[in-house]
Amino acid sequence: MSSKEIIASRAAEALTPYSIINLGIGIPTLVANYLDKEKYYLHTENGMLGVTSVDEEDIDPLIVNAGKQPVGEGVGASYFDSASSFAMIRGGHVDAAILGALQVDEEGHVANWSVPGKDIIGVGGAMDLLVGAKKIIITTNHTAKDGSSKLVPQCEYPVTSNRIVDMVITEHAVFQWSEEKYELIEVMSGSSISEIEEKTAFSFKVHPSLLQKEG
Amino acid sequence: MSLTEMTSVDIVKERVKTGDTLMVGGFGLVGSPLTLIEALIEHDVYQLTVISNNVGETGKGLGKLLQQGKLKKAIGSYFTSNREVAGWYNAGKLELELLPQGTLSEAIRAGGAGIGGFYTKTAAGTDLAVGKESKFIDGEEYVLEKALKADVALIRAEKADAKGNLVYYKTARNFNPNMASAASYVIAEVDEIVPDGELSPEEIATPHIYVDAVVKSRYTLTKEGVVERE
Amino acid sequence: MSSKEIIASRAAEALTPYSIINLGIGIPTLVANYLDKEKYYLHTENGMLGVTSVDEEDIDPLIVNAGKQPVGEGVGASYFDSASSFAMIRGGHVDAAILGALQVDEEGHVANWSVPGKDIIGVGGAMDLLVGAKKIIITTNHTAKDGSSKLVPQCEYPVTSNRIVDMVITEHAVFQWSEEKYELIEVMSGSSISEIEEKTAFSFKVHPSLLQKEG
Amino acid sequence: MSLTEMTSVDIVKERVKTGDTLMVGGFGLVGSPLTLIEALIEHDVYQLTVISNNVGETGKGLGKLLQQGKLKKAIGSYFTSNREVAGWYNAGKLELELLPQGTLSEAIRAGGAGIGGFYTKTAAGTDLAVGKESKFIDGEEYVLEKALKADVALIRAEKADAKGNLVYYKTARNFNPNMASAASYVIAEVDEIVPDGELSPEEIATPHIYVDAVVKSRYTLTKEGVVERE
């Protein structure tokens, strides 16, 4: 598996069966590949509940997800207008949203919609999902292309919300927000606490059980 | 958890607690969750706040709860349909919050949609706007209304599928879909439960995301009044 | 015809074919009897567009109007929830609403929801219709049961809206709002300007064509 | 007047004037009124404000209008799908108002529903809330957003009946029903016109009260892209 696939499959494990899930664009979209569609209800903000995957030959160009990719219609699916779809999101009816990130900081904030110096011309549904979903899981590569950590003391990029992100999953680590700080709760296969410490710019706690294991 | 439970009317006793705020669907008896209201009548809970267009009729439906002394407050648009409401109110034994019907339904929708409040022209300059914030927007006066939410919603639909998706029947729809969105726990009474895939995906007015429990209806409204199903 | 029927049939004439109409409780409900249902689209605020009349044997107890009376479903009718129904009303999509009145005053305001000294316990959709409908037609008996005029200098009862009512139809007269004042535009059969002047407590103009006729 | 006109695409030229604010439905090409947009491309109008999720793609759909220099301002949530937008904006030749997608759709609904403005949690504390009024409601920060309205809405539906009632097809619904409610004049492009009574009264997502004109669609989106109907 590629690092993206590793992250996506780990995110899938973080989801509760029979819950309502919204998947962002990028790595989050891949999470669908690791879910039993009978057991998870996928919501897409362009107006559908009950998204499934679709085979190439069955593609209907008028059934798409928020990334404008063709998707399938599950049994018991429903369609609704955009205002109703965001009413679900903002109203707290989506159990979990999985989103990508440019940066996540020590205070739990995520930046994933705008890069300083570039034009601010797109936001989509990211801000609505961040204020509305009951649980936010960020899936992201641990480091940017230049090797710098995406997990930073304070976001340099504009934050998407004041809301604290519950969980951050990278190819090296799983962090969970716990008492005002992120806590490393899992070291991904092939990584180590020391490697994670080296690649992470924000300070974090380590779950006692992991220290015992490594110790 | 978004798994919708197919269950019995006992869910009302399990979920409704003293002091709760309830939403109850229906316009008069049309689209009213008769079976769930009966369970409430048999349930020992007090100090309830009820959000519903009416407080039933004298001694009927929610009107029976009033007689039982279970209601602390009613929020609605037309209490006139129950002649006893005024007496309880004047005796200081019932609080009332009267809202225009459009404001009531919009406030419920707002509660479900994560909207904290909204500005409406309705009631601006009238006695019902007294004490409310107002604001001029593009030269016109609007009144600020806060969203309404509830602990439990009791609603009625025509059919549910096994996932808990709901469709409604004609004017029995009314407040039910709005209330389904605005409560922490939603119990839907339905005439029929059908297998998944039988409802048209375009016709589902309440997606199962909003529905926590589905109960088969025991009472139905006919031309001759409310009758118990065989 | 009773005076109520006379008022209702005159109100029906004031409506534009193929427009969206909402009828209040009381005399307004009777207006439906004088409309070709194929040519008028009746909206009821409990969530239906396309109301028609229904024969006793075809009554469906789950199809009712705002007065909770059984109604019929026209071809091309549609149903929607309460919030959507009032969105239509408040949003200015209903062409005309016909409502009853306790009083109408010289400034064009109507009082039709609450009587001072009695408990304020019901308002229904009256306030929404008054702010939202493009045209408001009040149908009312000219005088109250005690013989006093319902058309008054200033409403003693609480007003339902600041909005000016476009037209007032009684068993004696038809008034239209015109340049800051009501203008008598029609004398109903069997009445006269002098009788109307005697029974009307608010001041009004008289349309020149009526003066010529009587003169 | 609420009589819906069954007409030709010429209605676009008749109704859209220089300086107008337009709403244009669709999420990307899905549910986009392709035929009506083409009429707009062929129509000499300028200084348009367009309310739409995107400004089409480079040189396509609304993107073509941009290239023609017809747009004064765009209000939407995701302009990133058209790479030319930033250039026009930076050159001072296009105004932009960027809204979160939920705020955009809610503001359009509000415009149609007679709501002057609403408080949403979305964007509170972010750069997109700068300069906007905010308010704490029950301890949480909300941002005030104003309703959006338009002179003309161009939308797409699957079917219309002879009265102008509309039903939509799957995710091609998106912004279309919301926009249908929020413009002074609404033109719907449809794949099919059916006789009255053929649409289920429970499935009609846009009652004819909202629709002024219906035009048969000339273009359709297939797996192979946009094709002209035979």
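All chains are identified by letter, namely A, B, C and D, in their written order; residue positions are counted from 1 within each chain.
Operating definition for what follows: a residue touches a chain if its C-beta (ideal position, glycine included) is under 8 Å from a C-beta of that chain, and two chains touch if they have at least 3 such contacts.
If you're wondering where the values come from, they're calculated on a predicted model, not measured in any experiment.
J.: I need the common contact partners of chain A and chain B, sorted by label.
T.: D
J.: Identify the chain pair with more contacting C-beta pairs: A-D or C-D.
T.: A-D
J.: From the centre of chain C, which other chain's Cα mean sits the farthest off?
T.: Centroid comparison gives A as the farthest chain from chain C.
J.: Return the distance between the CA-based centres of chain A and chain D, expressed in whole Å.
T.: Those two chain centres are 29 Å apart.
J.: Which whole number of Å gives the spacing of the CA centres of chain A and chain C?
T.: Taking the average C-alpha coordinate of chain A and of chain C, the gap between them is 56 Å.
J.: Chain C to chain D: how many Å between their CA centres?
T.: Between these chains, centre-to-centre, one finds 35 Å.
J.: Roughly how far is chain B from chain D, going centre to centre by Cα mean, in whole Å?
T.: Distance between chain centres: 33 Å.
J.: Which chain B residues touch at least two other chains?
T.: Residues 106, 109, 113-115, 120-122, 168-170, 201-202, 205.
J.: Which parts of chain A, given as residue numbers and ranges, touch two or more other chains?
T.: Residues 73, 79-80, 86-87, 89-90, 131-132 of chain A each touch two or more of the other chains.
J.: For this assembly, give the contact graph shape among line, ring, star, complete and other.
T.: Contact pattern: none of line, ring, star or complete.
J.: Sort out which chains touch which and give me every pair.
T.: A-B, A-D, B-C, B-D, C-D
J.: For chain C, which residues count as touching chain D in their complex?
T.: Listed in rising order, the residues are 16, 18-20, 41, 43, 49-50, 73, 75-80, 86-95, 131-132.
J.: Show which residues of chain D lie in contact with chain B when the two form their complex.
T.: Per the stated touch rule, the residues are 106, 110, 113-122, 135, 137-138, 140, 142, 146, 167-170, 200-203, 205.
J.: Under the definition above, what is the set of chain D residues touching chain A in their complex?
T.: Counting only chain D, the residues touching chain A are 27-28, 30-31, 53, 77-81, 85-86, 89-90, 96, 98-106, 108-109, 120-128, 141, 168-178, 205, 221-223.
J.: Going by the contact rule at the top, pick out the chain A residues touching chain D in the complex.
T.: 44-48, 59-64, 68, 73, 79-83, 85-87, 89-90, 114, 119-128, 131-132, 158-162
J.: In the complex formed with chain A, which residues of chain B make contact?
T.: Going by the criterion above, the answer is residues 1-3, 109, 111-115, 161-163, 165, 181-182, 196-197, 199, 201-202, 204, 207-210.
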